[in-house]
Amino acid sequence: MTSPAFTGSRPLGVAAIGYAFMGQAHSHAWRTVATHFDVPAFEQKVLVGRDAAAVAAAATKYGWSESATDWRQVIARDDIDIVDICAPGWLHAEIATAALAAGKHVLVEKPLANSLAEAELMVAAARSARLAGVRSMVGFNYRRIPALTLARQLIAAGELGTVRQVRASYLQDWLADAQEPMTWRLRKETAGSGALGDIASHAIDQVQHLLGDAVTEVSGKLHTFTTERQGPNGLEQVSVDDAAWATLSMAGGAVASVDVSRVALGQKNALRIEVYGTDGALTFNLENPNELHFLNAHDPIQVQGFRRILVTEPEHPYIAGWWPQGHVIGWEHSFTHQIHDFLHNIADGTDPSPSFEEGLAVQHVLAAVEASAAAAGKTVAVPLSAPIRESISTPKD
Amino acid sequence: MTSPAFTGSRPLGVAAIGYAFMGQAHSHAWRTVATHFDVPAFEQKVLVGRDAAAVAAAATKYGWSESATDWRQVIARDDIDIVDICAPGWLHAEIATAALAAGKHVLVEKPLANSLAEAELMVAAARSARLAGVRSMVGFNYRRIPALTLARQLIAAGELGTVRQVRASYLQDWLADAQEPMTWRLRKETAGSGALGDIASHAIDQVQHLLGDAVTEVSGKLHTFTTERQGPNGLEQVSVDDAAWATLSMAGGAVASVDVSRVALGQKNALRIEVYGTDGALTFNLENPNELHFLNAHDPIQVQGFRRILVTEPEHPYIAGWWPQGHVIGWEHSFTHQIHDFLHNIADGTDPSPSFEEGLAVQHVLAAVEASAAAAGKTVAVPLSAPIRESISTPKD
Amino acid sequence: MTSPAFTGSRPLGVAAIGYAFMGQAHSHAWRTVATHFDVPAFEQKVLVGRDAAAVAAAATKYGWSESATDWRQVIARDDIDIVDICAPGWLHAEIATAALAAGKHVLVEKPLANSLAEAELMVAAARSARLAGVRSMVGFNYRRIPALTLARQLIAAGELGTVRQVRASYLQDWLADAQEPMTWRLRKETAGSGALGDIASHAIDQVQHLLGDAVTEVSGKLHTFTTERQGPNGLEQVSVDDAAWATLSMAGGAVASVDVSRVALGQKNALRIEVYGTDGALTFNLENPNELHFLNAHDPIQVQGFRRILVTEPEHPYIAGWWPQGHVIGWEHSFTHQIHDFLHNIADGTDPSPSFEEGLAVQHVLAAVEASAAAAGKTVAVPLSAPIRESISTPKD
Amino acid sequence: MTSPAFTGSRPLGVAAIGYAFMGQAHSHAWRTVATHFDVPAFEQKVLVGRDAAAVAAAATKYGWSESATDWRQVIARDDIDIVDICAPGWLHAEIATAALAAGKHVLVEKPLANSLAEAELMVAAARSARLAGVRSMVGFNYRRIPALTLARQLIAAGELGTVRQVRASYLQDWLADAQEPMTWRLRKETAGSGALGDIASHAIDQVQHLLGDAVTEVSGKLHTFTTERQGPNGLEQVSVDDAAWATLSMAGGAVASVDVSRVALGQKNALRIEVYGTDGALTFNLENPNELHFLNAHDPIQVQGFRRILVTEPEHPYIAGWWPQGHVIGWEHSFTHQIHDFLHNIADGTDPSPSFEEGLAVQHVLAAVEASAAAAGKTVAVPLSAPIRESISTPKD
């Protein structure tokens, strides 16, 4: 293993792998972050993809100095300090472990991996690297939506008292049309799972993160409404779920429900979270991400109600870098804030959150949902190791 | 003049005049009030209308013991103590002055009258009658929507600090269709005015009532979008306004805007009120009348926002008579509460509010809006006499 | 058994049993229905309760001619044709079967009974009585909220295509305060269950009714957050659930989730229903009961979105009896509409819906949720007999 | 005058003048536009400001190659083709006319100028330059919020029929605190006007743009609630308005109301627009800029209502450059779209909109509002020249 990157003597060199949806979102964040925030110096050096012409065009468009097709060569370069992995899930483990072994700081898109086994390999690699000062982070970017960061702060500060219930759902409709064709996202071997891994992973990470608490038991159900879709060579079997439902028991006594769907007609990107405590409550909807609704049960009953907080004040998380109050920011800036924090972790020598352990914890819950669903809904324990449980419940901020 | 009604020795005898929309709404309130509230004993004795058969049928349906066609005979009856006038505006002055002269307590629908001259006659009659213990009230029922009663309480208690601005609008769309036929409501000689008298009167009463302050100056504009409509004998000229706009200067320094329309497509009954003070703010919409939105500027900025108060707690005005929290009540119960308060005023020997003076004050503002509109928007003073001004600004509750 | 009531020769005589919350709500409906709708003639004859003085006072207040303390005597009276049972659940079976046996039409509050065994007795009694022309109905009043009646019509008319998912929740917060004292509603022996029977029953009835489809399998979970509460003689064990979660598989292939809570701080009476089909979607919230949100997937994508329908047009169900458009009605009028329909069923000799069979079907689902919860969430089949299943899926309107 | 810039042989050289709020917003747009859209090649060459050190730091942060302090030298450079003026309003005329005379394409922030006289000079310069192929645009960026662009398209396509009424308001609260200190924005000599020029200008531009119609007459009112504020040397007189109200008559017969405020407590950036036509209606709120609400009066009345359109579909204006459906974008991207269109206008040799003439038309309306306010609200005609009127009513898209 080489020595950890970033001595401060030169800008951090960044390579990103992947230039599809997530690659574009991450590139936008790299391109934007320094315009709005003070961050350690860095350079967008290389964008990596399989198709040489396409990745070259994308590199130009997204502001990368170079493009490349072989990620192994790139992570071997001395001028690369950070590897940002936006490739599909089945490549995460291989690239991340190699990059960490090469002493590169690694940011990897969520979910951490397509299988528990891969995720555990990645955690092991991250732990070794951490000893050498190499940082790693998994991209549950919604933690850095200011309204959700504020939610976390309010809960951690005790504004809700003891949390009893969480209701989290993530509803989309891009598969509502049964004529929508087959894609790699609908095959278990490439995608791992369907709505469960793709969007329930976000919801589950939020539940654990907001409460600073770990899921201990799960009852789950999966369902595929359209079981065959047209592929290039005729009808193919859809082997992942369109929708998933779960109830989660938390170590601290709270109960959370999570349900997700890709066929909820009219819901476009509705990650909705409701948290009910003994002293307060919160609600949030990602389709309107600049708002958090907060109820303080200590307000006099005559004037008690959910407050619509427009999370755009300079006093709100991350907002000082943006515009004056009331000028809302978009979905994409959760990635900008993620990179902001990751860069500061690297410069400060602190550990990023969500860590790979936290990513693994989500994988364990996903696996338990699948196991419970396979057992007709029977409750399944989530076998979290002590260190992983600790990684969730230790306040990070 | 006979002696004032209600000695307590027998139930109060009630007569209602009119059985159209407002007659039905008032009848419903008379029929409902004692089921939900402790009120002085009363009897629904007579319903009065011009068409003998129709009013007889309505009387049965609405729970009145008898029907009659001659209101003069009815107000002469010894067993009638209260006259509830739901007849069209052009009849208000004649009936109300006669009933008051006969010593009957009078509740009259808003607006008080179709002209200032009539309204002044009515005020004079109410003042004389008051000396004899006879009560009178004008039916600005929206004051008794619990959310608006709460709004008044919050402002009176100083929760908003000094009010600077009010934005009031009342939008409907029942005339949006240019094919909608001519009616008496669209002729100046029968209706007095259009949207101005019908719905701006509500908005203006709210502005004055919520602030406990009088309008001193007005700039206004009236407009008719569909100038001819089909009557039974061909096209007729519409002689009233479809929409009206005004800015109102209040004695205390606040500025209010009022705009109303009957052609605001898709808005069904949207009386919206926003009040902005130095320390707080309120918003309300009659299409969702069980909610009041309140912002307290002394909340910490991180968690400041409009609170959606569901005004259905037992601690809220009038709600103890209704259902458990969260079980919303309808538009019609503003009439129930109005009758509740009117009955208690009669029993307690106290003066109801809104008084005829308050009704007259609204008429003065309406007249000033018309005058300003006729003068191309030039600001016009509202010539409120001292007693009327006082009747507005004296807190009633 | 006597001959069926109502020959049309005299008004139907009505007796109501119970004068607490539900008794007041039903009384209000009886008192209001004829003011707004054409209904067969009836008389509010007797209100029955255990405390003679209290029930006499309530009878006067709610418009009943008499009061009584012995329901057996009342159902034996020849002048009583209808028995409206608003007593607690543990009395439903005894009173309903006796009243039906006496040839009285019976309306009974939901849920049908506290146990499956009782519910089955009641269904048997209703079936026998039906042969003799005696009508019976269980009071799932939310079916008659105009917005939900409209929802049912739209689904039945195919406007949503094939329904895939339903999300139903019913959130309240009246037990959020752990200091709230013990009541009979929190003991299993008196209440049967907690949030499950009280409010999940409404949600489950809606799921089955809206889809015209029966639940076949259930996975469920129950939880009590505050396990002890202060009673008159010290701390007592709470033996019912505070919250419940379930996933329901429907015979037609849809999947529904239901979750309910009495500790969802800030949610006062939030029965929320979302229905997602292949061609459209609907959402509803009981805290704003005059609105239905409808998405038509055949609208051009540029202008597609949930339509906020203010269900107050004369063309909407039941609204012709009420006010002009935009003048919203309250929660309580679901009872008024229920009585309207029940009276017409009696007069027309048609069978009311929801029938006791439909009430039993809900009980079966509730029992299955309890069984699944007791088996750690394992899926449990709902053993619906063919006739009951048919009673659900046969369109009633 | 030099020949018009951009022959296509090299990237367009861009200079921006000003690096405060608007400078940052424009810089962000220049930095982002090519990442998301295909645009003619350009380079962020120079950022200009008065403070050498500060502007150098800003240039680095915002992605400009160089910084400079003398705008005259910059516009004289051969490698600069585009001048983007983000300096305060009192500098617009001088810089813009000089830049246009130098053959540079000019984008200038709104409002066009602080006075009518300056605005007319600018229009004259733009007209001369246009003959030489030099483009000019005024930055009413809200036209490029996708939801408002869609609104314009729907109105232009006749989806609303004939527009009768527009209700536009722009409410902020950053001056609600009377302790907020004096700034240049509150002095007439530097700011021109207060809320009127700053935010009513946006509202008025929207009214004219959405309807493709010109204001002909105006009645207005201005008010300052806090007349003195603390400056560095003690209390100073506030010489601009805190709030403004106006009614606008449109050439085509519609009536619009506009009201704006900086003291509407709790409203952060609420530009709300409602448009009511004979066949449809639209509503919008800038605090939730990804939504447009549209009512189609031809929908069956039972299912008619405002549709909440989440304007994030690839079929919506500008969205194809961004994220998948439901992933909302922020306020700032209205600037990105503005630059996108401006660059294409330059490359295509077409005239940008809003043109300086359109900017002048807004100035004329603002001046008329001031004149009317000075005349106690009396209606004042807006003296639009034929070419300017034409520039508004000619559909641009």
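Letters A, B, C and D mark the chains as written, and numbering starts fresh at 1 in each.
Simple rule for what comes next: a contact is a pair of C-beta atoms (placed from the backbone, for glycine too) under 8 Å apart; a residue touches a chain by one contact, two chains touch by 3 or more.
All figures in this text were calculated on a predicted structure; none of them were measured in a lab.
**Q** Could you let me know which interface, A-C or A-B, is made of more C-beta pairs in contact?
**A** If we tally the C-beta pairs in contact for A-B and A-C, the bigger total goes to A-C.
**Q** By mean C-alpha coordinates, which chain is most distant from subunit C?
**A** D
**Q** Can you check how far apart subunit A and subunit D are, centre to centre, with Cα atoms defining each centre and the answer in Å?
**A** The separation of the two C-alpha centroids amounts to 37 Å.
**Q** Could you put a whole-Å number on the gap between the CA centroids of subunit A and subunit C?
**A** That pair's centroid distance is 42 Å.
**Q** Distance from the CA centroid of subunit A to that of subunit B, rounded to the nearest Å?
**A** Using C-alpha averages as centres, the distance is 55 Å.
**Q** Using the touch definition from the top, which residues of subunit A touch two or more other chains?
**A** If we look for residues of subunit A contacting two or more partner chains, we find 267, 295, 304-306, 310.
**Q** Considering the complex alone, what residue numbers of subunit C touch subunit D?
**A** My answer: residues 150, 154, 159, 293-296, 299, 301-310, 313, 315-316.
**Q** Would you pull the subunit D residues touching subunit A in the complex into a rising list?
**A** Residues of subunit D touching subunit A: 21, 24-25, 27-28, 31-32, 34-36, 61-63, 172, 174, 267-270, 286-290, 310, 312, 323-333.
**Q** Along subunit C, where are the residues that touch subunit A in the complex?
**A** Touch list, subunit C to subunit A: 164-165, 167, 169, 173, 176, 178, 219, 221, 223, 225, 243, 245, 247, 253, 255, 257, 259, 261, 263-267, 274, 276-281, 295, 297, 304-306, 372, 375-379.
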